[in-house]
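Inspection log for the structure reproduced underneath, given as structure tokens.
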Amino acid sequence: MVLKRSKLVTSLVGLLVLLTIFVTGCSNTTKDQENASAKDQTKVLTFSWAGDIGDLNPHTYFPNQWFSQAMVYEPLVYYGEGGELKPWLAESWDVSKDGKEYVFHLREDVTFSDGSPFNAAIVKKNFDTVLANAPQHEWMELINQIKSTEVVDESTFKLTLHKPYYPTLQELTYIRPLRFIGEAAFPDSQNTFKEGLKSPIGTGPWILSKYKKNEEAVFIRNEKYWGTKPEIDKVVVKVIPDGESRVLAFEKKEIDLIFGNGVISQDSFQFLKDSGIYETKLSEPTATRALLFNTNRETMKDLKLRAALQHAFNKQAVIDNIFYGTEKKADTLFAPNIPYTKINVKPYEYDAEKAKQLLDEAGWKRVKGKPFREKDGEILQLELLFISTDNIQKAIAEFIQGDFRKMGIDIKLISQEEETFWATAYEGGFDLLFTASWGVPFDPHAYLSAMTKTSENGSPDYKAQLGLPVKKEIDRKIKETLLSTDEAKRKMLYKDILTALHEQAVYLPISYQSNAAVYHKNISGVHFLPQEYEVPFTSIDINK
Amino acid sequence: MGWFIVKRLTSLIPILFGISLITFILLHLTPGDPAVAYLRASHIPPADETVAALRVELGLDKPLYVQYVEWLGKVVQLDLGMSYVSKKSVWDEIMLHFFPTVQLTLASCILIVVVSLPIGIMSAIYKGKLIDQFSRIIAFVSVSMPAFWFGFLLIYFLSVKLDLFPVLGRGTFAHLVLPSLTLSFAYIGTYMRLLRASVLENLNEPFVMYARARGLRERLIVSRHLLKKSLLPLVTGLGMSLGNMLSGAVIVETVFAWPGMGQLFVTSILTRDYPMIQGCLLFMGVIFVVCNLLVDLAYSFLDPRIRWEGEK
Amino acid sequence: MLKNVKRQLLSHKLMMISSMIVFFMTLLALLAPFFAPNDPNLVDITHKLQGPSSKFPLGTDHLGRDILSRLIYGTRTSLGTAFLVMGLTMMISIPLGIYAGFRGGWGDYLFMRICDILMAFPSFLLSLALIGILGPGLVNLILAMVLVQWVFYARVIRGMVLSVKEQNFVLAAKVCGTSRLVIVIKHILPAIISQVAVLVFMDIGGVVLAISGLSFLGLGIQPPGAEWGMMINDSKQFFRNAPSLMLYPGMMILIVVVAFNLFGEALRDALDLRRE
């Protein structure tokens, strides 16, 4: 017995020692010291993002993130300040008179990060693998318009279209799917959409060097980069799903930069700004934040009800109390500074009385002793779908729920994780949905174009508009616009389309959203790039 | 002893079988067609012919028992299927997330021992004194404390206000402190009282009396005799708690953004990633059973009476 | 016996306080609309995140709702759900436990095997998985908890029945040829019911904790309903500007759970049911 007991004690102590070694051993203390000493020489910027960066494949979508795809892969044409189309991987281009042939002269000093050459052959190969999965990219009209791709010589690439599609160059600036991976990145089947990449090899200023799913990704500077090389050596992207955690981590200097839209709550932004210890910046409007009404649902088919909802929504209260004035009130689907979108329509102003009157007219009557309006014994209940991790959507959603309740409208909140959210949205499983215009370079042509595509590869808007009596006409007009070479006609058609959408009250524009940047004072070179999803890592510098 | 181990191991078989059955059935309780769910999660329109084709591909057209046998065959080879969301092997994902959870759990175990051992013994020796009262209150609070709230309190006061620890995530040793403190807190109270009770019981045992009679110093009595005897419940108890701590880890990992099994489980629930939910549940169920088995074996090793009973 | 209970309860100050808290909380839950100064769901965003005032004694949350009223209604949600879960669990566990314990045989054997399997899972995880399959929401949460919990209680009740079964008064009834149903209702049920009550009160705190934990994860009650776990999750965003937002609901959970735990223990001591 005595023997046994002492055995117990020794084994326990031994176990404890082992555990301690184990726990401390597997923590990264050593690595951290390394970091600290290395920090003197190398400049590391720590950034955070809500989700994993995905498999870093430029030819696919979610879970890939725009910003990380843009770090590694580059376009032929770059969307510059004010919509100016700038040469990028293509030095110059010629367009045939009928608008159907585009010849690109490629830069000759570009190589992929693995040293393999960037030439017309690899451009064609990338185009072809994307085209092989054309149905998946249906939202992008250019893909549907491409008739053939051709290698003219080592550094000349020719694109032939079915019809003269006017936004061709603009669509080539997109972050996905028409950007380029190196030969060695292709999978055995050559089909990048179905099989993914062997490794993420691009031409861009950053190379992925370390990746831990759902934890962090480390990008290092591409020393062979053909353009202006980044100032900093390393970008660490930490996955922090929650906005508040992000702010805490920022305050503790665990991250250097907060960038993007909706990545932290407006309250936190205001709090950080008021503290005066940090630099904060807001971009020009990037896109329109709006609610999409699903006219395909029985209740929402009624124009009167949709108009009532428009009048019932107190935009100003949201602007003042949720955005603290950082976002401007929006009355139309696109901001007036976007080409072709200036239309003369009467905005739906907040008017509770009018809303109530319209609800009554639509047959939704107050019933004594019950909190919500009813029609034929059915309660006026509408489902509002939002992304659970998006603080701003959540705040507005709860506000709507509370405010509409006063008017007898029962808003059922459905909060879903981003992945599920999109699946539900595409299926049309909502009455009201948070949506946003796509911003430049997509607005207005690509956003409208996607409305005409069957939902799975277009946008949730298609199914949501199916209940409109004028849906067919709108679709026809959008298609016509995109292929029209006549500027005046284009203008007129755009006006018709946007006016019809406004009159049908399908969208409830809330505000013009903008990117927010918060960073520590030792960081410089943070400015906003034309495309909303690009993060200016290349120009950022860290000062000691 | 050997006989006992064999017996315990055989008793494990029906339980493991049951666990697999439950996890299998659970997935088939899913409202709607798993094939449709799969397509939805993959952003593929669930047209009738695609659904039908997928049903054949996933083997959903076969009778349920055939599906179960086939599934079990795969599980035995550690093939838990593919995640709907990430399209990666469920087993690989679990392996990736298991280690951080083990780390967190073991760190918590150490904390439990380090904190509850001295306080438990002291409150037995100074029964009714201040320290005893204090440990009593701590014990009550600790089992009643919502872990997620306690975690935030720790973050707020120790991380944000006093800037002592990093807020979130995994990385350095310091990252481990707050999550493991949160996870272990509920158990610290329990074990303090458990130790106290066990020491109190032993204080009146003849061997302590004898030691006292021999004029041994009190400190020696405690360290040489009492400590040894009172550790038994702690060791076995900890083993039992190990499985339960996996549950606690779910909330703690969510609060501290700790990339472990708990987070994987919660994310898969929120994204309705059914194969992942199934895989996680099965895996944690097996871990739980194995933990309990080890405790049983250890206990019988330390206390032969159980073994004899088992052999009878 | 009742006298004994009363004396024991009053004998200890802590116990008295705990029973008072339990009583008060139950009252609060039952009469929430009467106690709450404001409508807990009334949104007025212009009053958001305000400090305490005469209209809002504990201030307002991020949507301008009255925190005090939401806390009071939260009592109703938490306690109501917890008691519902326990009640439903008992409706399954008591008959099954008695059946298994009293009848024995293959039914009992089957029952015990089911117990072995279900109890092979950590219960919180199994509940989580069930909610994952059924989808989030209060109804599914209750369902998931009951479906997981009943096994444990049924097994304990079976044990109680086994020990009562062999006692003289039951044996005597059997000899007299009383029907089984009558024996169960007249003899067994009264003999175990107080132990069951203690069990329920000892564990109700744990159930409250589990419910708030699940709601914290976003799997329980959905907005705009008021629930403490969800309130903590909601206030995460504001916990630097308005830490009290997070403090209050947590304190409510802690107080309720401590009170119920103490109360349960007191009840057990009073009925002198300490086994072993």
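Think of it as A, B and C in the order they're written, each chain with its own count starting at 1.
To be clear about the criterion, a contact is a pair of C-beta atoms (placed from the backbone, for glycine too) under 8 Å apart; a residue touches a chain by one contact, two chains touch by 3 or more.
Remember, it's a predicted structure, so these values are computed and weren't measured experimentally.
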What is the chain whose Cα centre is as far as it gets from that of subunit B?
-> A
Comparing A-C with B-C, the busier interface by C-beta pairs is B-C
With chain centres defined as C-alpha means, what is the inter-centre distance between subunit A and subunit B in Å?
-> 39
Taking each chain's mean CA coordinate, subunit B and subunit C are separated, in whole Å, by 23
When the C-alpha atoms of subunit A and subunit C are each averaged to a single point, how far apart are the two points in Å?
-> 44
What positions in subunit A touch 2 or more of the other chains?
-> 242, 388
Where subunit B touches two or more other chains at once, by residue number = 160, 270, 272
Sequence positions of subunit C contacting 2 or more other chains = 218, 236, 239-240
Within the complex, subunit C is touched by subunit A residues 242-244, 247, 265, 267-268, 271, 317-318, 320-322, 388, 391, 395, 398-399, 401-403, 405-406, 413, 415
Would you pull the subunit C residues touching subunit B in the complex into a rising list?
-> 113, 116-118, 120-126, 128-135, 205, 209, 212-213, 216-219, 229, 232-233, 236, 239-240, 243, 246, 249-250, 253-254, 257-258, 261-262
The answer for subunit C against subunit A in the complex is residues 41-46, 48-49, 62-63, 65, 218, 222-224, 236-241
Inside the complex, what are the residues of subunit B that reach subunit C?
-> 14-15, 18-19, 21-22, 26-27, 29-31, 140-141, 143-149, 152-153, 156, 160, 243-244, 246-248, 250-251, 254, 265-266, 268-270, 272, 274, 277-278, 280-281, 284-285, 288-289
Footprint of subunit B on subunit A - complex, ascending | 4-6, 8-9, 12, 16, 19-20, 22-24, 26-29, 32, 62-63, 213-215, 238, 240-242, 245, 248-249, 251-252, 254, 388, 416-417, 419-420, 422-423, 426-427, 454-456
